[in-house]
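Here come two complexes built around chain A, the first alongside chain B, the second alongside chain C.
For the complex of A and B:
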């Protein structure tokens, strides 16, 4: 997994990338929305760009689709420069954040739009529409129905079918699931991943949710202030986040500000005892210790084993998360997040004194 | 709180509503009644009923000319207003440019000018430029007042329209022209029809602007006024009834189109 060769591109790489970005930049006035992005996207991969709003991910995707012209740098599609090729001439299709279904057209007319623009005859168009509707498990009865009269999940499928109709080489997704409720989103994430598997097309997806990216992607790029700061498989991002920014993106994790001491231990603000953790990289003094909620456990005084790092605090509150329970523990002037399986929940009342701990090997040390 | 009306309250509401509707519509109904009346002055109940004045109205060259001019003015005003309103609405709703809000206010301001003053101002201006007032100058005068209203009506639809639909069409292979024909115009058509209806009806019934700016030409409302002042005949309510019928016909046609466009497609 994650063989270094696979990362290398250009003359030494085995398969040339389907999409190559070289120093891609987009400026608005003096502000660089996308700043010198270099990236190779491989044939058939599900690549997700994750970043907070304003990180430039939408601008980047719009340049790839041809809806925005780069200020500098190049976009190479199968080795050919496509900077000046307009969106309607690129062999790519986009699924928009609002889905942008044609409200005055039927489901069938929406799906067939790209084919109509390519002057495919109506019978062949209809056949293709039915084929896509079958693949996306959209009842053929919907063919003549207005898109204003179908549910949210069905609208998603129509948008997918419409983008797939002309058999594009690459599909772009601009946060299409961001406005959908949790249950349906989880279901559609799975369906999208399955669709990727079935079509074997290259998917380029953007989202602000690393959790969503983890579920679906082959590789993830983390974007911040117009730059891609870390690229890797979900596993690599999860186990080796580049810095504090990437760690914070992973949802609820404990991030403890630490300083290296001469004896190899880490001094943490607010905690009396120094912490044991990974060795601070050469030259670095200041860093952040990342500990996942599920790596923290409650230590019974007396019974049971201890841990490398032990912190005493009080149980502030608990939150049921289905099969898991999350606890917030106040200690050393901060809140620790602890997550346990339901059967492992401690017998402590709110406000009671508890001791929590974790092992050094379960923590990651990251720079700012 | 009990918000379900008691029987008495409900009856009072019904009476009040009926009074209100009567107040709004009885005058117009009266014009129709008078137009079927043979004598010079209105009396009720009718002493004599006739279609004569309608026959005279249809056969008279003068009334045909009046309707033709009203129709020409309203038609041209509608066509130009709809085009201006489309571009104006798109410019307002879609782009956030410097001075947009100020420009928007400035453009809508003429709606609130007293029309007589606006007409007078335009007449002075036309005289100064040496342009002879005619139905064409009336078109210009109407546009000053009507185009902003049409723009407002169309803007409402443009604001509620997801412009990403156009990008999606472009991304799916449509040319700019195809985007306009397949997406923008059909999607905005109810708004454009509403704007057109406003433009036509406001121009069709307009008196003060026409009065100052048509010169030797005359529209039906102008004729109604001049005949009221001097030379009243029962033809006056007949012509009045006819322009109401004309306006109603246009309104119904527009309404049918909008309902048809919003019809649910398929099951």
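For the complex of A and C:
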């Protein structure tokens, strides 16, 4: 694990970036909400910024959209500095978290708003609105309907169509799916990715869910306390998280605090036996071993293959997740999360003693 | 028993209705009663103080023959003028209070409300001292400092309009603030992001969304100015006679209650009709739900 620079895989390719951020900073009083962010966003990519609330991701996006003025640094759009260009003069459009639909207008009027502001004649506006409604699978019957009278999913589509109407170069998304129920959210994630494929526009998306980011993005930037701490493809982030913070972001993983021993093994608090894992980088004594729930397996006593690391514990509880089942195993004063396909269910009742194990190659060692 | 009578009986037996009976009686006697009395008096023969005369339209005919309709028109013009002036003055202030000033909006609210604690007459006479020709504060200062002789400003239409706008400003401002605070920041930013200029945002987004507040403010100031009496008396003097002054003098100097009543009824019907028209355009339920 090196410096963040090392994770900008393939940066500086043949295509110049559509959007370049140089030392972009936004301070509120003495607090730096966004702190010296450098980032190149490529033409046509789906870039997602992931971070917890308060990490500065919304402020960053608002600066890109022109809704907030940077305190320092530059925003370059195709090489041109746009710091002082107001939102209404940038060739970008934003989909807001609240969607910010115009409640007093119809679906058609909402979609056509950007065109009306540009004084496009009504017939052409209507044609464009129909075209977008077809693309987003929104029935043309909705054209004259008030946006106050349509469903949540339909409102999302109207907001998307409205942002696309003026054919912007870049689309910004400020957590548009955060307030939507699970099933619809999953469906809209897929639709958004398909929309990205169809329009070939540059999408810059922010979310607090790494899972959501993984589904849709070409590249992901992890944001923490105003800084982009890791940038990479979903694969890179998944297999090589920069530190404990990034690993924790990936949902339910086992994170075991470890210390390096002289013999190369790792001592874990609460566990009797030392663990075998990747080699600690030079000079590092303290770290965290990350093991995914699906990498942990149940080990039959005696029979069956062993594992590099074996931990004895008791089965605390099990949770069905559809095709998989998640188990919580109490061991060494902590809870291990194990996920297995339904077919691989262990023959143990709740409270029974079980042995779990994983191989060293399935674990990742990360710093704090 | 018919269905209607059944429903009425059911309604009368509701605890809610029964609990409201005392207030209802108070309203009937204290609020509705006098209005009925005025309405009945307007159909009595001129200068009678009893309700035993035959009904007659003589007072209404007299009101139109004696050009009282001119005062009525003048009152409507002043009311419309007051609404127009206040709309222009209050909009930027309301926008600031609803969107920009943050916690300082409270201070501004206090400053705006403070004059209401002083009697309206006292405040208007303050303006008289200020505008008085020769010895007035404004004229005196202009003469002493700049050596300019100011024209007479008191006792004119413009002084009256100024006085009306001054007195009724809070009634326009606060509903307007309420209306504009219903316009969310997101929606304004979305409009800007989609290419709208400041004027386009105002026309397409702010005004339509704040319309309920603007209408309520406009209605309040219009109706209040329409029935106003002191402003024109103090700042307009004998030059500006509004309908309320005519009504007052019919009841007092003229000792002609039926005439005063007829003028009152005319004003009431016109103003009431206007209120009903505006209120029919307002869906208060929708406004409250949208917040």
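The criterion applied here is as follows: the second predicted complex is superposed on the first by the 355 of 368 C-alpha atoms of A that agree within 3 Å, B and C clash if a C-alpha of one lies under 4 Å from a C-alpha of the other, contacts with A are read in each partner's own complex, and residues count from 1 in each chain.
Operating definition for what follows: contacts are C-beta pairs under 8 Å (C-beta built on N, C-alpha and C of every residue); 3 or more make two chains touch, one makes a residue touch a chain.
Just so we're clear, the structure is a prediction, and the values are computed from it rather than from any experiment.
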Overlay on chain A: chain C relative to chain B, clash or fit: clash
Which superposed partner A:39 touches (first chain B, second chain C, both, neither): neither
Touching partner for A:136 - first (chain B), second (chain C), both, neither: neither
First (chain B), second (chain C), both or neither touched by A:145: first
Chain B versus chain C as contact partner of A:104, first or second or both or neither: both
Touched partner set for A:296, first chain B, second chain C, both or neither: neither
Touched partner set for A:280, first chain B, second chain C, both or neither: neither
Footprint overlap on chain A, comparing chain B with chain C: 65-67, 86-89, 92-94, 96-98, 100-104, 113-114, 117-118, 162-163, 165-166
Touch list for chain A against partner chain C, complex: 65-67, 86-89, 92-94, 96-98, 100-104, 113-114, 116-118, 162-163, 165-166
Chain B-touching residues of chain A, taken from the complex the two chains share: 65-67, 86-89, 92-94, 96-98, 100-104, 106, 113-114, 117-118, 141, 143-146, 148-149, 162-163, 165-166
Of all residues in chain B, those that touch chain A in their complex: 162, 164-165, 167-175, 178, 182-183, 186-187, 261, 264-267
Touching residues (chain side chain C, partner chain A) in the complex: 184, 186-187, 189-197, 200, 204-205, 208-209, 290
